[in-house]
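See the structures that follow.
Two complexes follow with chain A in common, the first pairing it with chain B and the second with chain C.
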Partner chain A sequence: MSIDSPEENKTPDPGASERTPKRDKPSDEERERRRAQRRAKREAEKSKGDAKPAREKPSEEERERRRAERKAARDAAKAEGGGRPERERLSPEEREKRRAERRAKRAAAKAEGEEKPARDRKKERPARDEKKEDRKKKKKKAKAPAAVPERKFMLTSSPHIHDNESVRRIMWTVTFTLVPATLGATWVFGFRALVLVLIGAAAAVATEWAAQKLFRAPVTIADGSAVLTGVLVSFNLPPGVPWWIPVVGSLFAIGVAKLPFGGLGWNPLNPALAGRAFLLASWPLHMTKDWLPAFWWKTNGRGFFQWNVNPFDFRMKLSPSAEVDAVTYATPLELHKNAIEETAVEGNRWAWDYLIGNRTEADLVSSAGHVFDAIHSTGDRILDLIVGLTGGCIGETSAVLLLIGAAYLFYKGYIDWRTPFSFIAVTAVGGWLFGGPEGLFTGDAVFHIFAGGLILGAFYMATDMVTTPITRRGRLIFGAGCGLITVMIRLIGGYPEGVSYSILLMNLATPLIDRYTHPRRFGHVKKSAGAAAGGIVS
Partner chain B sequence: MKLGHEFSKGLIEDNPVLRLALGLCPALAVSSSVFNAIGMGIAVIFVLTMSNLIVSVIRKGVPQKIRIPVYIVIIATFVTVVEMVMAAFRPDLFKALGIFVPLIVVNCIILGRAEGFASKHGVLASLLDAWGMGIGFTFALVLIATVREILGNGTWFGIPLTGPGFEPVLLMMLAPGAFITMGFLLALFNWRDEAKAKRLKDRVVKRAGFITRQPIRPEGGK
Partner chain C sequence: MKKTFRGGTHPPEFKLTAGIGSRALPAPEMAYVPIQQHIGAPGKPLVRKKDEVTVGQPLTEPGGFVSVPAHAPVSGKVKDVGPYPNPVGREMLTVIIEADDDGGDAKGEEDADWADASAEEIRARVRDAGIAGMGGAAFPTHVKLSPPENKPVDTVIINGAECEPYLTSDHRLMLERSDDIIRGALLVRRAVGANRLLVAVEDNKPDAHSALKKAAKSIDPGIQVEMLPVKYPQGAEKQLINALTGREVPPPPALPMDVGCLVQNVGSCVAICEAVRWRKPLIERYVTVTGSGINEPANVIAKIGTPLAELVEAAGGYTDDAAKLILGGPMMGMAQWTDAVPVIKGTSGVLVLNRADAAVAAEQPCIGCGRCVNVCPVFLLPTNIARLSELEMWKDAEAMGVLECIECGSCTYVCPSHRILVQHIRFGKATVIAEKRKAKQKAEKAA
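After this line comes the complex of A and B, so read on.
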């Protein structure tokens, strides 16, 4: 049953051979070839071990029957007195007594010498780790119910805290914490945004499924990581892009950045961000010009469910000197970049004034002579940024909704505070130090925190378990590096936003960071000090 | 039979780019269009043929210690010839290939074949080896260029293949596109190789012990 099942897929099914009479009699070579193939497959499977072939899931009755069988066997053994004796429940006094006995024994052992317990600990360590890993693996593919390989060396020390986490659970939880941000984006950018997110997720899952089928690898689409990647790819897109952009982005993320490296756990780069980088390099126009203003669908003649939009309809001129530069309706960070450049080039404070709220969009419209239906009030721009009523990528605009999801992840312990903290802190301080129009210390730190994709990047991408450091110090360094690169790109570099590239660059530095931030082993003395101390003692 | 193998081994089995991973620099740099790839391939075939020929002829007269400089001088001579001819007759191609024409001098395929093959084999074998390797190199370049040109430009050898709605993948025309294409092609060839090795092993096993009514076909020509 178990060994044959993969083979049956191989042989042509009888129905097919009936339909095509030619297939009835394969040529001799053909038959030989097929036979050889089958044999090779069998060989490979045999060498891989017995646990490998996917067992058929036994039916409910079958399982019930087996369970009954096992129980009967157990009972019989008990009746014989040969099996494991049931532990009798001890009275509290008895337990207390035994505990005291054990304590006395331990004390005696300690008096005998330090050596023994130390060795014990050493022996136990790897065993416990192994067991933990084993459990994790089992959970990862908790499909085969019966085939639990028997382990001969199972050193365990009680008590074990059973941890109910698994890759699958974590990935799905992270995905669901993105739901508020998705719904918020749908409200602000129209139904289109939701569709783009779903397309991205579906394309990622389809890619993973197709690739794993093609290479006859175990299909892992149920673990949720592909869905999460697809959603994050779409979160990084401007809301006005055509439908095929998230498809190609997810295809690249899964098919180039993840699976060729070995799948989940082996990818050096964050797949979603690699997908974004690919899109940005391949279709720069779509990725930098397809912005839509918040609540564009409320403007004249458009509707919530409208799919076809022309982002160029929302173009407006930023500068009063219209001939000098015309930009599209931009994200806050693009305005910021523009302001930096204008300030640098001609001392034009105009764009800057707009940015910090001294001028409204109405000023822009009238001065530029362009018709733009400003929907949302241009009150407090920072508040707009925090709530998410600005232009930007689908998933990055609403800091509040993202933080709600992130708070749950903190609560569950899925993300560490260190990376987001150092990432955001360095970005804010850097923006405050160097980001102002009038020299040092005049930048707007709050603006730098809430504009662009910093919140999304810091909480959802820089905390990816696969591509970021595992040590605590390493995470602080990782976040600080991301912040530094982000600030440099925002203020000096060519792109208005640098969060995605900063995370990708630091992803590449992750192995190095991990190497240099090895935590000290317990009881281990530093090399130089240890050498000196050792010299004196011995 | 043996000589035929000297020619055919360079095509797929020992393809310089896709199996030996030699000459990657031009393979990545000039493979953005099929036209450039073929131009580069022809230049390399010419230089490789001539250098293999000369090296094979003089192989017994060259002192062991200075053989590399001697080979370099021979190769550089023919590269100069190619460069001048190309500049005179196909200036567009010459411009497109740029620095990579003079860089053929240090192309590891050419030096590798001179050192590893032509200096140890006869003239005829060396010639066949040069053609096989040269054509294999051209084949690999055209393969990479095909993927890159179709995806990155929507054309093949300048012929438009896609409709006006197609928005080309710009990345494929840039350096990362070359590396990605190259990586996938190498993986494909390794995969194919592994499958072949498995089949071969299987056949041996069968010969060794299993009783079969099927006629056993020996591996042809190899």
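After this line comes the complex of A and C, so read on.
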């Protein structure tokens, strides 16, 4: 229960008939005595009433008399202008009845209070505190000498100022820092990318609003966290997905991964990534095959505003000579995966070229080469990766635009450098160590940093405040764990990309990490160090 | 590199009155002197109703070693000795004096050899003058000046950080009484037999820094006057020691003397100087009257026992939307329900906030941003301790270090969810201490 309950217990029973004008606290013995008195009185009344409700007991005359009494009281009250009938006028039975009523009401209120969600209780607390303070004030007023003036001030516990930072401001700021990446994606993937992002955000907000209305909870859509979740859900989608994919993703993110746990602040998993995981498990084809090449809208008479697009149009034959219509259009990481698994064929080379958008379909068919060369050999392809002119999820491709947003978040102090740093460092080192075709130390660290969703994940998902550790060391560990899992999934797991699952898995480890990374508290220096620093060696 | 401590935050300074010279307030018509204005045992009243008192006359005698007397700030007749609203929240036995004469400044005859007073003599005079730490905590100064033999003090630090926003009383004191601060500091050093004497000023008060430097140069060139970057809570004893010497005071009940340090506020230094030199009791102090709810913010020198209403009046009165009255700074000061409460020894400022500044935002759930962890100057996990306190899990809260919280309020200040972190922690701290005391009493009873 709330911390105030002892206080509540102390408050005098409002139904007690022994209310005295004297404000001094009676001694314990005195209170005990009075309580006993009251109990005896109640017992007496009860036995008189034969344990039946007091109402039925009185005789006809008695009731007549009482009715008259009440009428008189009412009239008197009316005459006084709405004042209540005086307490002394009430008969003992009437008082007993009222007391019982009040008791029932209190019990009901208490039961209700226990059923209320934690947040509501919290909201109530300040009000209760105020009441407490009001009581105190009254007490003081009663006792204080006449010199006390009327002017009164509000009371709160220090500190009395606040730096005006708020959850709302943080969430909206993070959302706005995603605008450059959104615009970049729109340019590369066409207008439909922007529409998908907006659909995701709208669906998330709508879900939150509807669920909170349904459960009569306070609506929190204004805090910006739902919008952010929706945008991030869409950022994690291939650009060729149908419109309902982000809707379902946001629905799951908000309706299953966030609100049932208590809303913002209580969700154990990053909602956007949970939404993505749900989509990946439910519609794996859409989630893994609906890639569009960069600037697809510039090809073959398609237009920037074209909505209907069949990702199959961009799939190529395995190689110019092969008959089967296998998957050859893929993201850089998929190509990389294929290469690792030695299923790569020469045809992947032109797929790569195609996906970075500087080949026509005719060119592609005629070009050939090893996919590893394609990915790793030339600097300008890595540059394409960094700038974002490649295939991939809507929001993950342009490292530069994401980093512009992230830089602002650093400047505002909304994200800690530790998580992205250790995440990226471990991924890069792991990719360099184990990601090469010719044994250790031949992998391409830069490729591993900029391909796929690492930048998006490291700066926007692994820094989600709610689902990541609060301690500095914990954040380093969290990022390192994410990096490790990412590398493992990319190199030996079943998926080409592992950023989202790595973050989800580490989200689950967050409470544990926080538990074991408590900072050294001030003054808890090691004995020897303390003596040395203290300089009081005697 | 500038010296500082880890953690902390930097609230906007709002030092509205930094450039306004202080002026002495006339003595109040009625002075209200509570019997306890310090940490420790309350004093015992020496006067009764209708007694005549003269300025500087002790009204109470100390109720123990950790206790100091209170003195009459004015001459007049004792109107009553009874309960009266007090800045610490409860009502307290208060000597109410109807003044007939402000009685001057209560200075005694100057002791010609004051600068060579023995440690014993300094302690005795400081105690008789009723000096308690004037930075706000009001710990009896003579106790601090009496370190036990096994805990020698090698460094005396004079605290002129004044890291609380709004307050400028120490700033003005450093400008207007810099010589007395240095003299008092030397007496402190003499009383505890320390070698090193450091004076710390934050770098938002360069004029105070140079004034003290000049004073130090002319009196004793061995004194180091340091400039620290502005940060809250730099003026907290432990953080100041850490910033200047790199030492960390162990958790309570350890005191600064456990690491060989002693910290004195600049105001206390002036009082010590006057007490030793003229045997002047502590009956007045610098007070900043400021804030958005005050018409003409000012620095005043007010007699102890002056009702706050008179200070506010001297500063142009309240604005129409004055909503909150705070004794001390906005970070750690105590809100008052009435301006009838008097100025006491630890009152460094009277801050009145208007309705907009006093507005309290609704609390939201913690979003785990970790800002409170980053700013905590004693490296606790405020959000976790606050939650444990909410859940009444006192044992766990204690294990997480609830008793080590210095209640600076930085965590609540930065919390984007507007959680009342330090308030929960304070409650937990009080409960844990109370339960410990109960357990101890029980054990004693059983034994």
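Heads up, the rule we're going with is that the second predicted complex is superposed on the first by the 317 of 538 C-alpha atoms of A that agree within 3 Å, B and C clash if a C-alpha of one lies under 4 Å from a C-alpha of the other, contacts with A are read in each partner's own complex, and residues count from 1 in each chain.
By our rule, a contact is a pair of C-beta atoms (placed from the backbone, for glycine too) under 8 Å apart; a residue touches a chain by one contact, two chains touch by 3 or more.
What you see is a predicted model; the values in this text were computed from it and never measured.
Taking the superposition on A as described, I'd like to know which of chain B and chain C A:G265 touches: first, second, both or neither.
Second partner only.
Tell me which partner A:V446 touches in the superposition: chain B (first), chain C (second), both or neither.
neither
One more residue to check, A:L433. First (chain B), second (chain C), both or neither?
Neither partner.
By the touch definition at the top of the document, which applies to A:H524: first (chain B), second (chain C), both, or neither?
In the superposed model, A:H524 contacts chain C only, not chain B.
Kindly classify A:I221 by the partners it touches after superposition: chain B alone (first), chain C alone (second), both, or neither?
In the superposed model, A:I221 contacts neither chain B nor chain C.
After lining up the shared chain so the two structures overlap, which partner does A:R39 touch, if you call chain B first and chain C second: first, second, both or neither?
first
Where does A:L403 make contact in the superposed view: on chain B (first), on chain C (second), on both, or on neither?
neither
Which chain, chain B or chain C, ends up touching more residues of chain A in the combined arrangement?
For chain A, the partner with the higher number of touched residues is C.
Which part of chain B faces chain A closely enough to touch in the complex?
It comes out as residues 167, 169-172, 174, 176, 180, 183-184, 187, 198-199, 201-203, 205-206, 212, 214-215, 217.
Considering only the defined contacts, which chain C positions touch chain A in the complex?
9, 11, 30, 80, 82-85, 91, 96, 150-152, 154, 165, 238, 242, 245-251, 254, 258-260, 307, 309, 318, 322-326, 328, 330-340, 351, 353, 357-358, 360-371, 373-374, 377-381, 383-384, 389-390, 392, 400-401, 404, 407, 409-410, 412-418, 420, 422-424, 426-427
What part of chain A is in contact with chain B in the complex they form?
Residues 28-29, 31-32, 35-36, 39-40, 43, 248, 256, 260, 278, 281-284, 286 of chain A touch chain B in their complex.
With touch defined as at the start, can you tell me which chain A residues reach chain C in the complex?
Those residues of chain A that touch chain C are 1-3, 119, 122-123, 126, 133, 136-137, 140, 143-145, 147-149, 151-163, 165-167, 169-170, 223, 262-266, 413-414, 416, 465-472, 475, 514, 518-525, 530, 533-536, 538.
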